[in-house]
Structure formats: structure tokens, C-alpha cells
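What follows is a pair of complexes built around chain A, which joins chain B in one and chain C in the other.
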Partner chain A sequence: MATQARTLGASHYPTRIIIYGLLILWAFICLFPIYWTFSTSFKNAVNVTQGHLIPWMDFVPDWKGWRSVGLSPDTIGQTSTAREEFLKRFENSVIASLSASALAVIIGSSAAYGLSRFSYRFGPMRNKDISFFFLAQLILPPVVLAMPFLVLYKELALLDTRIGLILLYTLMVLPIVIWIMRDQFDTIPLELEQAALVDGCSVWSAFLRIVLPIALPGMVAAFILSVILCWNEYFFAALLTSTNAKTLPVMVASQTGSQGINWWSMAALSAAAITPLIVIGIFLERYIVKGLTAGSVK
Partner chain B sequence: MASVDLVDVRKAYGEHEVIHGVSIGISDGQFVALVGPSGCGKSTLLRMIAGLEPITSGEVRIDSKVVNDLEPKDRDIAMVFQNYALYPHKNVADNMGFALQMRRVPKRQIAERVKRAAEILDLVPYLNRYPRQLSGGQRQRVAMGRAIVRDPKVFLFDEPLSNLDAKLRVQMRAEIKELHQRLKTTTVYVTHDQVEAMTMADKIVVLHDGVVEQIGSPLELYDRPANLFVAGFIGSPAMNMIQGIIRPGATPTFEAEDGTRLPLSSAPSNSDGRKAIYGFRPEHLTIGGPVRTEITVIEPTGSETQVVARLAGQKIVGVFRERISARPGEVLTVGPNLSSVHLFDAASGQRLQ
Partner chain C sequence: MPSRAALSALSEAAAVTAGVSLRRVQDGKRIITLATIGFVVVVLMQILFDAGLQPYGFENWRPILYAYVLWGIALGFGLVRMRGAAGHRALFVLPAVLFTVAMVIFPTFFGLYIAFTDWNLSSFEGRRFSGLKNLYALFADPYYRNALANMVFYVLMVLPQYAIAFGLALLLNADIRARKFFRVAFLLPFMLSPVAVSWMIGKSLMEYRFGPVAKLMREIGWDNPAFFTSPWIAKFSIAVMDAWVWIPFIMIMLLAGLQALPKELSEAAKVDGASKWQAFWQITFPLMLPVSVTAIVLRIIFQLKLADIVINVTSGGPGGATDTVSSFIFREYRDRSNVGYGTMLAEFYLIIIIIFITLLLHWVSRWMRKMH
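And now, the complex of A and B:
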């Protein structure tokens, strides 16, 4: 295998150049928006409108954007209402995404384990149909749900509360968690649990001591994906929250002043909002891949 | 150690019955093989003993105690699975000690017992490895180690060697047998390989379509198969079977369909003109006899020569200790060893003689 790869590489040098060229191009396409966001947060109005791109050559970097949200070096020590606002939104986002994801992983894993191990009959529906029923929830466009949720949340006094947001986000990511976890549990051989039963476990202790540790990479992956989805959610956050429970994406979108869009402050906010995701992407990516590529049991 | 008794055990999935009233008695310390083709219900039966499969009707007794409604963990059995079912997130020592840990055995004692089992199975250098770092044979040993550290009443093996290559299988076969002789724990061993069953077991249960065809010691099954199924299943190469009619008389003979006469030592009573199957094992042929066969293939293996030939229009196999110089197409006269000829009723398949 290794020698084959080496000879292939040597004899197909031009192929390699093309492949790497394409990969570099693709990386550029993917990374450019992030670069643009970060660089724009250091631009002033003229630089934004004239499309200057390269710092110190096209334009002189400036803390304007970061100053407007109270996060520049000279404002960080002072009190700033903008920063307080940002931190509050950031906290809302963190709490809503982490809680919803944790809840979804707990509920979703239980449901997935059931679907993977037991046979259910729910009217005419069997396990396969129930799984699809869960996933089918994603087909419904959120707009359709907007009015019902607004009315429902008003009645339940859940409007503009974190709890309301957490419940909604849990509901939103649950199908994906169930789907991922069911695949995970399906890859764990039944014999492992049976061996545990023979070894002295009850059904529950077999689940907790044998199945759960093996499915852990998948659960971590499902959790991270859920966090990302919740973190980026805009539509329901904009619809159902206002002063108290508003999240970061809503705040980013609201950076439009009377003279137009404040690109610099929006870029600074966006940069602050996407940084956690970039960190997750860089450090936890391999866990996501490991968790999602089944066959961890061998 | 304990006896295991199955009394009229049945298993049905809905309307569909797959085990039709099986009764087997296994005495303390016995090594019993459940053998049969795939789908005969042998694994289901084993899993019913283990408690992993509910029993539809009948009784399973371990040590004279009915265990039908006991959880697997309360039956004091240890099972070795076909795919080993080693816990991938635990190392070898933890895999082997898990059952003891679940029974709250003190840690020092667990370590001691794991070490002793590892010594028996040559696993000491691997105690800190994970299952994925082991070869197939080593995994197999760990699975057995997991069973023996417990010192259970009964060992259950579910085709434990079928994932190993041929050479390793023969080696592990001997090791399991040796282990049994050493520990003397009652063992139920499921296999589809009749050679495994023959070489390892004290007692073989031949299953076919959820019914017990015959129970007996390996040689009993070999020498006196109760019916055509057992005759064909036990022994390799398989028994030669020729259809025809019994002709009793002063010199009883068996007349094959094309009129070829085969010798019989005696005919069963009331068997004149009865349709029957004449069976003889390949090694029970001697060269130079009253029966003419036409050689199709000769396969010398050095120690013996296997000859495929045609007799009465049917293919038969003979195994001879002597070397044969004849060529395909030539005629070889042979004679079945009269005391080793089996007669089965053509309709019921049951043994006549």
C-alpha cells in the first residue's frame, strides 16, 4: 500500500500538482469569507466601500470596529454599554446552544438506543418509519412554524426567555442527534451487550458500562454539531426573543444604523461570534470525523 | 460445576416454531457438542440456556434448578461468542476481570484470578493491550479467559472457532479440549463443524430443523447413525449411499436400482423387496471384492488414496491405505466391509440395520 502510493506519487507528478492546486483554490474559497470578516473589523468606512483587502498595503488597520463594541485595547478597560450588550448576547448564545445540545444528546441518545435495539410498533409505524418520522421534521420549513410558535410561546409565557429558546433548539437538533446516534448504536454488536448480561450486568448497567463508553465519540460529534447549529440559528431567535434572551446572530444582524450598515462593528461582532466555532473546528474536527465515521468498534 | 437439563424445550417466533421439543440431559462435567447445519436451531438453543432468548415452553434446568425465568446474570454461566464480543474500550485484563468486578470481588483477588487465567492461556504479555491490538487467536483466548476467570457452573461456546483460519482452529480445538480436561466444567459447545464436535465432545447432539436427530458419543454416532441425516452429516468424506431393494435369502443381498448386487451380512426381518438405502463409509471398502466400480478420479495424499468411482450409476468415494496404480476409466473391484454396512429405510430414513 505504502510503496504503491509512493510510486504513484512519483510517476504522476503532474496529477499531484493539479490536485494540490485545486485543494489550495478550494481552501482559499472557504477561508476568504473568514479573512474578509476579520479584516473588515479593522477597516473604516472608506476602506470598506472601496474594497481594500490587504492590510498595510491597501489600508491602514484601525480599531474602529472593535472600539464600537468596546473590545479594542483602548476601550477594554472602560465601561462600555456596547460591550455589556455583546457579552449578554454571547452568554445567551452560549447557554442556549450548550443546554439545548446537552438536552438533545441525552434525549436523542435514549431514543436512538431504543430504535436500534428494540422493535416498536406505533400504529402502522415500525422502527424504520419512526426514525424517518423524526428526520421528516426537518423537511418542514421553519417559516411554517413561525406563527404557531409565536402564539404558543405567548400563551406559555416563553417569549423572550432562554428556556423557550432552549426548548425550541432542542426540538430543532433532536432529529439529527437521533439519526447520528442510531447509526452509532447500530454499529455496536449486540453480542457485546449480551456478553455484559452474561457477565453480570442488568440491561441498564450494560448500557451505561459497555454501550455508552463505546458510543461516546459519536455523542461528542452529535453534541458539537448541535452546538454549531444552535449557535448559528437566527430565524427563531429573531422571532421569539427581544431584549432579554436575544442571541448573537440577532445582534449581528441589527448593526444597521441610520446611515446604513456599520460594516466595521458588524464585522467585529461576527468575528467574535465565529471565533468559538473556528476553535471547535480546528481542535475538535477529528473527534467529529471519528465519531461520524462508524466502525469504531472492531 | 453443574448438570444441565433441557426438558421438551420449544421456541416459537409468533406462530412459527423453530425448536420442536428438545430434551437433552447433560451431566456434571460433561463436554457436549450441539452440531447441525446452519439454521437448525443450535445457537438458539444455546442462547436459551444462557437466558438471552426467552423459552416458549419446556424447562431449562441448571443444577436441577429451573432457570427459565432467571436473568442471564443470575444463571452463573459463562459464554464465549462467535465474534468474541470483547469490550473494545477495556484492555485484556479489564475484559477478563469485568464479570468479577460486577460481582464485587475485591480488586486484589480479581488481579490474582485474571493473572492465573492469563497464565493458563498464555496471555500474560498482553494484559495491558486492547482487543484491537490482538490477533484473532489471541482475541479468542481472551474471550475464553473471560469465561474461565469466573469459574462458572457452565461454559457455553457459540461457534468459537469459526472466525479462525484452519491451522489455528485445529490448535485452539486442542487447547479448548485440554482446558476442559483441566477444569472439568460442564460445557455446551455449538458448532456446525462435525469434525470439531467429533474430536472435542464426550457427547454429541445432532440437531436438524429444530429436532434432535440423535444423541450419543462421537463413535456411537459414527458407527451406528440413527438415520440418514446423521449418517450423512457425521464423517468426512461423507458416507456413500446407494438406493435399492433388500433381497433376503440364503445369501442376502442388496439390489441397486440398476441391478448391481451388493453383499449383506444379514437382512433385517420382513424386509423382502423393501426399498432401502445401502450405506458404507469410504474407509470401509477393501480392494478386491465382488463389486465392480469404474474409477473417475484418483487423489493420492501420501498417507492414503482417495478414489472417486461410479457404482450402480452413482458416485461413491473410497479411501484406501494402500497405493493404487489404476487410472481413471479403469475398473476397480472392491468389497464393502460387511460388518460396517448400514441399511436405512428409504421412506422414513430410519436405520434398519
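And now, the complex of A and C:
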């Protein structure tokens, strides 16, 4: 990284100040809403209305917001319906996004491998057309599928179930996984598998034993990006789930709608919903960048 | 240089040694035929049962889903028996193809059927075929036209996002300290859920009475910082939130492009005595065009799905000024449970999108060819 090309020479002193000024300004724009959410979850009504911002300096932090979702130190030991509700939604979100991402990475990677290595002909469709068929799913807006699925899921008894959500989320991230993984497999030299095939390996064992370990970073990137997208998904979840399979975003959204806004509890809820993502963002940023930039730079 | 064809041939050779006999071919065909007949029979039985024409069937359609999965497995098994190595190769794409067909192609066509029915889930009458009635209603619907017009606005808003993202990518690519920190900080908004963003920014930071942004605006001199009451200000407020979430996406792609540029180019420009401004417009920007186009096209595709923020912050208001097509249809269903009409709106939108994206890609590729 340190030896990368720099288009802006920053040796000049005033330029340096401008560059750092802009960087800090934008970092502030990015981080302030997050800071605001976390700090508001520790405020009471007066501190919210008077716009106090800095804890201990102009307001005394209070567990009020976290108490209302049953996650403050003094309520954590007691039974709390608010916490149970929250944990149920949290669990739904975790299960739906992890399983959908895993499923998408499994079927997406194998499809991407096939498309990167072999020549197919399904009727008039060649490799290029099949790849396009998968990637074209990206332009399909959720709203087109939402209503047919509402009806179909009702008939299939999949409405308001996690399995139903998992299937839809898999569909949603599958084109992205195929895009990332094809890019990944294209960079792996063919000689390795060729040697294995000459030695009498089958295509599948060559794939599983030789190629997959090398493609692991790409799979991790695809998986993490998928988890983020599924975790944040709202549209399908809002239409297709109600009591059982409702996910965290739907819960957050339903709170904003009802009973005037209870700022501290909303802040605590939002903070709890975004914390896993912030942790992922800080520690796995490398993989996210890898996933986002797959195929765009050759 | 090994190629796809060579690899296929090699696995073919392995298959010949394994021996694909005539019996195996027939076996494979038999498996696939049997599975297909079985699947069709089960589906037909269930259709007849559903129509009340015969007494045996399942309580819901879930078993049909299992039957489809079983059929898929049998198909894969049969292909391997029949084609040997070629069957093994087909197994790589088969699951993804079957999955996508079941989850996209079938529902989309099913949706086309729903679109021509009058089907209100909250009424007892169930569905009735209504011909083109929904289509006429669509053309007469001013709110739908309004939502489509708003989509034009939101898509155009991608360009300012691109400009800001390019600036940020250049900053991150400069010789700076703490690059890792800035990169993570700049990326974070993209990872937050739009629903949380709706509350964090739309409903609290921009809140009229005590949101910090509203307060800041009062300080600056805007007496009445109501972000969501007048149509155009509301539209721009939504666009700002959307930009906050999506700028990192464009930025990361552009940054990767900048880092892939050969270092010698900017050095050469420096030697030639070109100013930084000139060097950017004459060297960096043209070289970045392919990446820029990819980023903008992808961004437009995602922008056409914009819904979550609008649903949660303004629910389309005031008076439909911030409505996107998706959020409009969402409410059409939520408030009126009108599945038939909602689906017609959605399918019509899909057709517009497909035409638009096709034209866009066509135009972009022609333009790119002209540039080089």
C-alpha cells in the first residue's frame, strides 16, 4: 500500500492542510450520525431536547434507552419482554442472513467455477449467456417479486417462516456471489487443476481439494458482503413476515411508526442493530473492499 | 496455454477411461424420464385437488416444492449416469440454474398472470380475471406517473454522488497518514441498514424541533428548517440520505481504479510541467472512465430499487413528492391489499427498467468504443 501511486502530491504545506481538512470533515459526516445514535441511547428527555452532545461534559449518561430494551446492567438479570422480543428478532436476522449467505456462496461458487472453467451449451445458451442470465437478476427490483411471492408463499405455507426469507435472500445475493467468485476463479491458473486431472482426479475433487482453498479469500469476501446485504434487507421482510420470522430492520421500522418517537429507546434499538455491522466493518474491511471491487478493475 | 476447451477435453478423457457404456446412458435417461413423469403427476394431482376435481392431495403446496427439489436431484443424478464427465461438469451450474428458475422465472411469469386479475387479498371474493383493466388504471394513475418522474430525479442524483465519491477517492489515494482509519470511517455508512439510517438521520438528526442538523440550519440562518414538508426540499433531503449511504460504494470502486493506475503516468505529467488540474483531466480522468462507467451503471441499477429510506422517513410524502416506484407499490399493497394492481405496476416498472438498462448499456458501450 505504501508504495502505491499517488495522484495528489501532498508535500506542499497548504495542500496538506486542505487534504486533511477535507478528510476530517468527511470522516465527521460519516461518523457523527453513528456517534449521535450511540450517545442518544444514554440520554434522557431533557438532554435530547436541549441537544447535549458530549457525555460527562454536558450530560450525565443514563441507562434509560438500554433499560427500555432490557439490556442495561440492572435489567439484564431480570426477565424482560422487550429484551425477549429484541433477541428473537436478532436471532431471526442472524439465522436468515448467515444461512442465506452460506447457501448463496455454496451454489454460487460452484456455478461460478463451472462458468469460469468449462464450456456449456444449454440449448442456444453458451457460457456468456448463462453468466448474463445470472447477473441480469441484479436489475430485478424486489418489488416485482414481492407480490407473486406473497401469493406463492401463502400457498406453500412459507409466509412468515425463516426458510422463506432464507430462500429469497439467497436469490438476492446470488448474482453478487457469482460475480465475485467468477472474478476470483479467473485469476487462478488452470495448470493446477490440469495436473490433478492428469493424475486421475475427478473434476469435483480437483475443485474441492485444489481450487477452493486458493479461492477462500474470495469466498470470505462474497460471504461477508452477502451477510451485510441480508442483514440490512427490509423490503421482503416487511411484506413477507409478521410475528414469527420478523427480522431486526422490521422491528426497528415498526417502532418508528408507532407511539410518537421515544428517542432513547429508538437510539438503543438502532445502536444494537448496527453494532454487529460496525464490528464487521472495522475488522473485516479488507474483505468488503475486495468484494465490492471484484471485476471492476482489470 | 491451457484453455477451457483443453480442460473439458481432459476431463472427457478421464471419463472415457471410466467408460460410459450404452447401459449407463439408458439408465440415466430412464431416471430423468421417471422423475419428470412423477413430478408432473404430483403437480397435476395437486392442481386437480385444488380445483376440487379429485379427492386426494396435500393440504398446501409445500410438498410440490419438495417434489421439485427431488426432481432436481434426480435430474443431476441422471445427467451424471448419462453423460459421465460432462454430467459432472453440468452439476456445477445446475443447482444455481434450477434455483434461479424456480425463484425468478416462475414467479415473474406467475406475476404476469396476477397482473391481469382483480385480486384484493382483504376481500372475500378472491381473484377474478379482469383483462386489461389494471393496465388502463395504471395509465390513468397520476401517482404512479409522479413516482416514475421521481425516479428520474433519483437516478440523476447519482451524478453528484459520483462527483463527491471521486473527490474522496482522490483524497484517500493521496499520500496521507491514517489511511486505514479514514477508509474504514468512509465505508461505514454503506454498511448500516437503511432502516436504521432512516431513524438516525431522517427522524432524529433532521428532526424539526431538536435535531442537531435542524439546529445547525437555524444557526446558519434558515429560520424554518423543515426538511420534509415542502416537496423539493423533501426530495433533496431523501437524496442526501441516500447519498450518505451510497457514496462509499462508488468511492471504493474508484479508489481501486486509482490504485491500479500506473505510477509512471503522473510522474510523466509532473515532468512535463502539467498542473495538477490539467494532469487530472487529461490523464487520470480518461484512464478512470471504464471504472467510472461500471460504478455509475451499477449504482443506477441499485438506485432503481430505492425504497427503504422513503418508506421509513416520509412514506412518500408530502403528497407523493418523495415517492419511488417501489415505495408507492409497497403502500398500494399495505393500505389497499390490492395484489393484482400492485403487481401490474411492478411488472410495468420491470419492463421500463429492462428497456432503460438495455439502452443505457448499449449507449455506454458505443460511447466507450468511440473514446478509444
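In this text, the second predicted complex is superposed on the first by the 254 of 298 C-alpha atoms of A that agree within 3 Å, B and C clash if a C-alpha of one lies under 4 Å from a C-alpha of the other, contacts with A are read in each partner's own complex, and residues count from 1 in each chain.
Just so it is clear, a contact is a pair of C-beta atoms (placed from the backbone, for glycine too) under 8 Å apart; a residue touches a chain by one contact, two chains touch by 3 or more.
Computed from a predicted structure; not experimentally measured.
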| item | value |
| --- | --- |
| Partner chain(s) touched by A:213 [first = chain B, second = chain C, both, neither] | first |
| Contacts of A:147 with chain B and chain C, given as first, second, both or neither | second |
| Chain B versus chain C as contact partner of A:139, first or second or both or neither | second |
| Contacts of A:110 with chain B and chain C, given as first, second, both or neither | second |
| Partner chain in contact with A:156 - chain B first, chain C second, else both or neither | second |
| Touched partner set for A:273, first chain B, second chain C, both or neither | second |
| Partner with the higher number of touched chain A residues, chain C or chain B | C |
| Which of chain B and chain C A:205 touches, first, second, both or neither | first |
| Chain B versus chain C as contact partner of A:29, first or second or both or neither | second |
| Touched partner set for A:195, first chain B, second chain C, both or neither | first |
| Set intersection of chain A contacts, chain C complex versus chain B complex | 191, 194, 197-198, 200, 202, 296-297 |
| Chain A partner contacts - residues on chain B that touch it in the complex | 50-52, 71-73, 77-79, 81-83, 85, 87-89, 98-99, 102-103, 132, 146, 150 |
| Complex interface listing, chain A residues touching chain B | 189, 191-192, 194-202, 205, 210, 213-214, 296-298 |
| Chain C - residues contacting chain A, complex | 2-8, 10-11, 14, 60-62, 64-65, 85, 88-93, 95-97, 99-100, 103-104, 107-108, 110-111, 114, 121, 167-168, 170-176, 179-189, 191-201, 203-205, 209-210, 212, 215, 244, 248-249, 252-253, 256-263, 265-266, 270, 276, 279-280, 284, 291, 294-295, 301, 304-305, 307-308, 311-312, 325-326, 329-330, 333, 339, 342-343, 346-347, 349-350, 353-354, 357 |
| Residue ranges of chain A in contact with chain C within the complex | 1, 4-11, 19-20, 22-23, 26-27, 29-31, 33-34, 36-37, 40, 48-51, 53, 107-108, 110-111, 113-115, 117-120, 122, 130, 133-134, 137-152, 155-158, 167-168, 170-171, 174, 178, 190-191, 193-194, 197-198, 200, 202-204, 207, 228, 231-232, 234-235, 238-239, 248-250, 252-253, 256, 261, 263, 266-267, 270, 273-274, 277-278, 280-282, 285, 288-289, 292-293, 296-297 |
